[in-house]
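Here come two complexes built around chain A, the first alongside chain B, the second alongside chain C.
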Partner chain A sequence: MERTWNNKAWFLVLPVLVLVAFSAVIPLMTVVDYSVQDTFGNNQFFWAGTEWFEELLSSSRFWQAMGRNLVFSAIILAIEVPLGILIALNMPKKGWGVPVCLVLMALPLLIPWNVVGTIWQVFGRNDIGLFGYYLNKLGFDYNYVQDPLDAWFTVILMDVWHWTSLVVLLCYAGLVSIPDAFYQAAKIDGASRWAVFRYIQLPKMQRVLLIAVLLRFMDSFMIYTEPFVVTGGGPGNSTTFLSIDLVKLALGQFDLGPAAAMSLVYFLIILLLSWVFYTVMTNYDAER
Partner chain B sequence: MAVSRNWIVPFLAVVAVYLAAAGLLAAFVPVQDGVRAWGAPLIAGGWMAWTFPTAMFFLTIFGILSLMAVWEYAVPGGNPRVGVLRFETTRGDRLFVSLLGSAFIHLAWLGLVGASLWWALALSVVYAIAVFRYV
Partner chain C sequence: MARIDLDHIRHSYLPNPQKETDFALKEVHHTFQEGGAYALLGPSGCGKTTLLNIISGLLHPSHGKLLFNGHDVTNLSTQERNIAQVFQFPVIYDTMTVYDNLAFPLRNRGVPEADVDRKVRETLDMIDLADWAKRKARGLTADQKQKISLGRGLVRSDVNAILFDEPLTVIDPHMKWVLRSQLKQLHRRFGYTMVYVTHDQTEALTFADQVVVMYDGGIVQIGTPAELFERPKHTFVGYFIGSPGMNVLPVEVDGKTAKLGSLAIVLPGTPEKTGDSMELGIRPEYVRLGRVGIGVSISKVEDVGRHKVVRAKLEGREIAAIVGEDEEIPAEPKLRFEPAGINVYADSWRVEMRA
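Up next, the complex of A and B:
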């Protein structure tokens, strides 16, 4: 049968295009405009060309922040994904335990980012915070305000506490969609617990795991509020991620040109990663 | 691949609008000390701080998107195919990969070579042709 092409339907997306233009395209254009100019305020701009990009690409401060971001994302993915799978596998599949577990898992996700930061800022303090105080009582020399390793430990722990439940809920959704017939067949074949996981549960969770990895990676790569509230990017610059560095540059120093150049490079990296993940996910769907 | 519609008129219309808009922008470039200041703001005190080069950049992007629309009008369907990346891409995908790759080529050139970006532009054009041919 010959396919009918009707491009008039494109007019229906015009309202969305207008909305996106005002919420995304025009601000992005402004950032591009700022990235090649310098300003000292009062809406006066001076042409700078590619100067800010050159400065940025040769700046160790930028590459260090990028490195921190990548290490942070790798660590939280390495913890949250296996932990999320483990918890989802052990959650009840029927009975009263299901709603209880689901509500408990959903709770951290409902807390705003700045509140999570405040909770952990107080929780981790070694004078009045439950966590910090008792760690010190147990003999650990823990002080996230002064020690970079402790600061990283706190930020990672906070992210794991806040976001592992998202992975859990996604994996759980994948697990409950597996028909009982699969488990019955595995039982008849005498499959071990590991074999059931490897050949039934993991393949069935692949789609949701891809979504989980995508969401967590993008979110952790753009993380700002939580570490900013807890450590403010310190001690020193040890927890200064790209977004924190960008805000320091744009709002702290009011260097709009360099900040715009940094925003564009950051945006391009996010765009590239989103495209890679999107391609992987859509091709996985197509293969299925 | 059979071209199903007349694309000459819309193609010429896009080119004419592009050239007219570029001419209009050039006319707005302020003159300082008797010379055209190509990098100066087109509208003094405007919050978006438009300059001729950035306006031309976006005009060219919109021009390319309009030409893609003309191509789609002429040969509908997006020409999906499986190329060297071993997954299906349409014309729009190939344009996206070309533009994104070009941005990184320019950044890499700036970081590794220097501020003159003409060679980076040439490399990006070659890259885009390769993407449209093989991806």
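Up next, the complex of A and C:
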């Protein structure tokens, strides 16, 4: 059979292509453009080659920010995933408790990020913040403005408060899809509470858990607003994550070239990690 | 193995049952003898599964007591009752191998690994999955998964009873037959007390020594397959068992005769009791079609292989008769009721007849 080539359909995707071009491709290319040039006042540009990239990759400032990011993601995953599972397991499965719990869980997710930052910024203050004030009253020497450890503690606590709900909701969705017969059979088979979790609940949650881990990792790796509002990256550079550093570089110091190089590297890291996650997940599906 | 006594058990899913209709299971007072094979037969929603779950302890009855070998187990948990139960839809532990699935109920009870291995291998052979032992259970077909569920029910030899909740629904017809005969064999070999819930009469009649027919939350008759066939206690049992079910005709009873419209049918005896509505029940197997008797018009003949089912009109009522495969159907057909097959019902319940 002879194939008829009809390219009219391309016109249908044209609007999307134009939109994507203006919103993503062109800005990205501008960044690429900046990353290989040096800028001076009066819009003067000079070719810089790979200079910014070399400088970036050999700068300890970049690697330290990157290290902080990885440690931060690791800590919040280690807290939010088990905590989320634990809460989901203990949520009611039927009755009036279900909507109450769901609304309570959804609340932190509905609050704009900068508001979350502001809430904790005030909450943790020693003078007027309930949290900070009472911690000090109880004898803890807590001051997130001056102590790096306290700053980290605050930022992590804030993230756990803000995002554990997401893990809870995803796990809960996995849990309610388990038919009663499974629990009944487990009772008949004499399974312990742990065995029920290990062999019935966990396998059923596996897929949603992977998604939860992916989302939480991506989000925490790109975190900006909340720590920026609470600590501004301080004290010193102790909570300066990649994104905060990037904004300091680009908008604070107006070093467009180095900032552009950093954006690209940051972008490539996230792309790489997304790809790794995607591969792991699709492999897992194929195995089923 | 255990004898199971249901002592005036009733169950309602409502918190405060008031009326009789609030009860999903109306009063049941019955004993399952040690080592007996019982079937609970009835349509969907008649309370069979409720009764089964009460025995296994998944449900706590609203009223009444449950005894195993005379010991009150009403307040014991499922684990403590030591019961095996197989559910309608396959329940398997996805991440385990077939072998581990079968070993699970044993390992949970701390059985030594050597015994686990022996029992699991025996069971694997029984359900014909020995070649699949090392495979992950999640990749199997629905058939195989249900066989694993069955296997988990059979792997423990010390259970008080094995309960089956329509276990063969998802299995294909050929396999159904094979598995059913295996269960029957197992029963003969080990003498388990088995209770088998089903809505399929063939399954019930071939599996059980005693069939418990349930209808609308209550037990209507308990008997051997032959009793249910010959002497259905309630018109429901008549309809529900048999293919086609019993012919039930409204009649007026006067001594030894039953009047059906303008026809008078001679009964084998005088009914001991009469009620507001009287009915005559006769199975199609006892309706003879020939050249003598009452004239009827035939509306349909279904050839089902072993025999023919003749659908006819008698005084405006549908009536079915079974005719041998090579018997001829006369041009002017006439019906005759065999006296041995006639049952009389007063208000749907069977009444005895005096000669």
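FYI, the second predicted complex is superposed on the first by the 271 of 288 C-alpha atoms of A that agree within 3 Å, B and C clash if a C-alpha of one lies under 4 Å from a C-alpha of the other, contacts with A are read in each partner's own complex, and residues count from 1 in each chain.
The definition used in the following text is that contacts are C-beta pairs under 8 Å (C-beta built on N, C-alpha and C of every residue); 3 or more make two chains touch, one makes a residue touch a chain.
As the structure is a computational prediction, the values presented were derived from the model and not from experiment.
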Three-chain arrangement built on chain A, chain B and chain C clash or fit: fit
First, second, both or neither for A:V36, with chain B first and chain C second: first
Touching partner for A:L70 - first (chain B), second (chain C), both, neither: neither
Contacts of A:W275 with chain B and chain C, given as first, second, both or neither: first
Chain B versus chain C as contact partner of A:K187, first or second or both or neither: second
Chain B versus chain C as contact partner of A:S58, first or second or both or neither: first
Partner chain in contact with A:L214 - chain B first, chain C second, else both or neither: neither
Touching partner for A:V247 - first (chain B), second (chain C), both, neither: neither
Least Cα gap, in Å, left between chain B and chain C after the two complexes are fitted on chain A: 18
Interfacial residue positions of chain A with respect to chain C in the complex: 179, 181-182, 184-185, 187-192, 195, 199-200, 203-204, 288
Parts of chain B lying in touch with chain A, wherever the complex brings them together: 37, 39-41, 45-51, 53-54, 57-58, 72-73, 76-77, 87-88, 96-97, 100, 103-104, 107, 110-111, 114-115, 117
Contacting residues of chain C [partner chain A, same complex]: 53, 56-58, 77-79, 83-85, 87-89, 91, 93-96, 104-105, 108-109, 138-139, 149, 152-153
Chain B contact footprint on chain A (complex, rising order): 3, 5, 7, 26, 29-30, 32-34, 36-37, 39, 43-45, 47, 49-51, 53-54, 57-58, 265, 268, 271-272, 275, 279, 283, 286
